[in-house]
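Chain nomenclature is as follows: A, B and C, assigned in order of appearance, with residue numbering initiated at 1 for each chain independently.
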Amino acid sequence: MHTPWNEFVPLLWEGLLVTLEVAIYSAAAAILLSAAGGLCRVSASPAVQWLAKIYIGLFRGIPLLVLLIWVYFALPFAGVELPKVAAAVLAIGLNYGAFGSEIVRSAIQAVPPGQREAAVALNFTPAQRMIHIILPQALVRMLPPFGNLLIELVKATSLIYFITLSDLTYQAMILRNNFLPSTAQIFGLLLVIYFLLSTVISTGVGWLERRLTEGRV
Amino acid sequence: MWDWHYAWSILPGLIASLGTAFSATFWGFIIACLGGLVLAGASRSRITAVRLASRGFVQFVRNTPLLVQLFFLYYSLPMVTGIAPSAFLTGIVGLGLHFSTYMSEVYRAGIDAVPKGQWEAAKALNFNGRQTWITVVLPQAIPPMIPVMGNYLIIIFKETPVLSAITLVETLLTAKNMTSASFRFFEPYTLVGILFLLICLAMSLLLRVVEIRYNRFTTGGKKESRKPAERRTNDKSANPVANREVYPG
Amino acid sequence: MTNPQTLSPIVKYTRVRKSFGDLEVIKGIDLAIAPGEKVALIGPSGSGKTTLGRMLMTLEEPTDGTIEVDGGHLWHEEKNGKLVRAGEKHLHRMRGSIGMVFQHFNLFPHMKVLDNVTAAPRKVLRLSKEESRARALEMLDKVGLADKIDMYPSQLSGGQKQRVAIARALVMHPKVMVFDEVTSALDPELVGEVLEVIKGIAEQGEMAMLLITHEMDFARDVADRVVFGVEGRIVEEGPPEEIFGNPQSDRLKAFLGRFL
């Protein structure tokens, strides 16, 4: 059986570009929301903490697919109509920002309390304590779980298939419709591409982790 | 924008569709737990081929999307093998296989968390392999795993909407069908979101109760590690298995 | 070594109480430390010695009573003529006179030794890079670690880490320094080097010290006054010769008996 591999490449390439585009923007949004959410979650102000808790609880409790469908199909009826990429980035960003906030919170709370005390003893202001002492130490602890989160995010971009955004998965389905006998090969190839993307991310995060802990572990 | 009358009318249908979602969750979870056991065992095998195959499988499945795996199973498998299972069967197998890889990690972490000294004490008392596992290791390894496994149950439940892609009529697809019939999108999708939110909240609270029950039987948790950049110890909880959680949940 | 108590005290605890939930750890303490005075605080575990030091360093808030530092209230500030609970700004101002060395060092693991010592001068005192570095080098030299400035804390021994911690605290020139059981976490053979350093600092005179310690010989050597506390109360206090040579109370006798 002849598998027309070279027919797949152009469409999958286009799909890959869309996947990467959504992934990068969503990741940026998720990282920003994680930082904000995590810091608010450990804030001295109970009101701010409460707000963070609501955000985190809400967007961890609603499945991403449900949120995505809602943002793209239901939100327009409330007056807000978003283009596909924006809807995807918003949904994925909010969802993964919530999970990321918990990672940030955990990492900050995992820094030994003695560090904060030493910073107090040296008369650092609360902001200085966070910026110079706590966060640098929390950052290293955040990297492995964040790396995993990023991989989950890239995998989650496949859900934009549901809002007919032409990502890798969507293009694969189109290919399948045109090349039905090669269904297994197409999806197999798709799986391999996603696997490679994940591998690139883990390698990158691992490198970053090594760089940040040079000498001091 | 929001029609209460319509919302009330579709609510029973949506709640009824949860039955499929719960069923898929339950069976998917069972398959994941059993599959995870197989993988965990295979990963420790003395036969290199088996070990590499299972580790390779775990790595591959964990790093690829559930949706694509479902498509592969539902569309490719019938072509290759001639068997065409139902959407439900494919769905729970897909969920089960996908999450069995995460479960095997939970098992591995749970076993690793049992201090080496326990194995050595068992050996010193001349326990054989089976006795060591059943009397010494498993009773210590399993309790910390329970909260983590419970968490995965919730995660699997949240993944059931993805099964709508292979035409399984769970809650999201039910809502979608309602929108096609009524041309009203806001109420169905919003209600689905709220239903999932409430159920997940309830499940989390239940899980907390289980966790508290479990904590009463343990030795109060280990002291917080002071190693600077300890891999994956990012959670203050004394549960070393929870610390290794790699799925956002 | 001794300073006459003619000047007003640099630290003054007045009827200080501290409870953690239902547990009262400090049950009404009055203690004054004169400028430059070295006070050793001894007593069994649970006597609240560490808590007393931590309250001075603003790490724990007294449940009752007041602490005055260098003439001003630490935990209270004046607003419209009344004494109210101090805000962060006030605490920050008062904290400039207080320093602390911890039992578990608490060095910043992500910074090299030199950076550990220059961090506060740079960020808190806002000194220039050159000035901070000069001060830091001077202090590190004083504690005998000038050759380790480019190493990370993880590469040092316990005794070395503690000496860096001392330099880090000293470089801020506090008027009073709390030494919270600074040798308790060290291997026995490393204790001596740290005590030598502290002795050297004590001999220089200007800084008051609150030495919370189990090292009785050291307390006898360095302290101007020894305070013996049990379960949150001061039982006996006096010059070292009196406390160690002529203990009055039964509890002090029993406590010292363990160290003979």
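The definition used in the following text is that contacts are C-beta pairs under 8 Å (C-beta built on N, C-alpha and C of every residue); 3 or more make two chains touch, one makes a residue touch a chain.
Being a predicted model, the structure only gives us computed values, none of them experimental.
*Asks:* Of the chains present, which has its C-alpha mean closest to the combined C-alpha mean?
*Replies:* It is chain A that sits nearest the middle.
*Asks:* Just grab the chain with the largest centre-to-centre distance to chain A, centres being mean Cα coordinates.
*Replies:* C
*Asks:* Between chain A and chain C, what is the gap in Å from one C-alpha centre to the other?
*Replies:* So the centre of chain A lies 46 Å away from the centre of chain C.
*Asks:* Using the average of all C-alpha atoms in each chain as its centre, how far is it in Å between chain B and chain C?
*Replies:* Roughly 52 Å, centre to centre.
*Asks:* What is the distance in Å between the mean C-alpha positions of chain A and chain B?
*Replies:* 19
*Asks:* Return the residues of chain A touching two or more other chains; collapse runs of consecutive numbers into ranges.
*Replies:* 112, 137, 140, 216-217
*Asks:* Residues of chain B that contact two or more other chains, please.
*Replies:* 228
*Asks:* Using the touch rule from the top of the page, what residues of chain C touch 2 or more other chains?
*Replies:* 109-110, 154
*Asks:* Under the touch definition given earlier, write down the residues of chain A that touch chain B in their complex.
*Replies:* Of all residues in chain A, those touching chain B are 57-58, 60-63, 65-67, 69-70, 73-74, 76-78, 96, 99, 103, 106-107, 109-110, 112, 137, 140-142, 144-145, 148-149, 151-152, 155-156, 158-159, 161-162, 169, 172-173, 176, 181, 183-184, 187-188, 190-191, 194-195, 198-199, 209, 213, 216-217.
*Asks:* If we count contacts the way the header does, which residues on chain B are in touch with chain A in the complex?
*Replies:* Residue positions touching the partner: 1, 60, 63-69, 71-72, 75-76, 79-80, 158-162, 164-165, 172, 176, 179, 185-186, 188-190, 192-193, 196-197, 200-201, 204, 224, 226, 228-236, 246-249.
*Asks:* Would you pull the chain C residues touching chain A in the complex into a rising list?
*Replies:* Against chain A, the touching part of chain C is residues 57-59, 88, 92, 95-96, 98-100, 102, 104-110, 119-120, 123-124, 152-154, 165, 168-169, 172.
*Asks:* Which residues of chain A touch chain C in their complex?
*Replies:* Chain A reaches chain C through residues 112, 114-115, 117-118, 120-126, 128, 132-133, 136-137, 140, 215-217.
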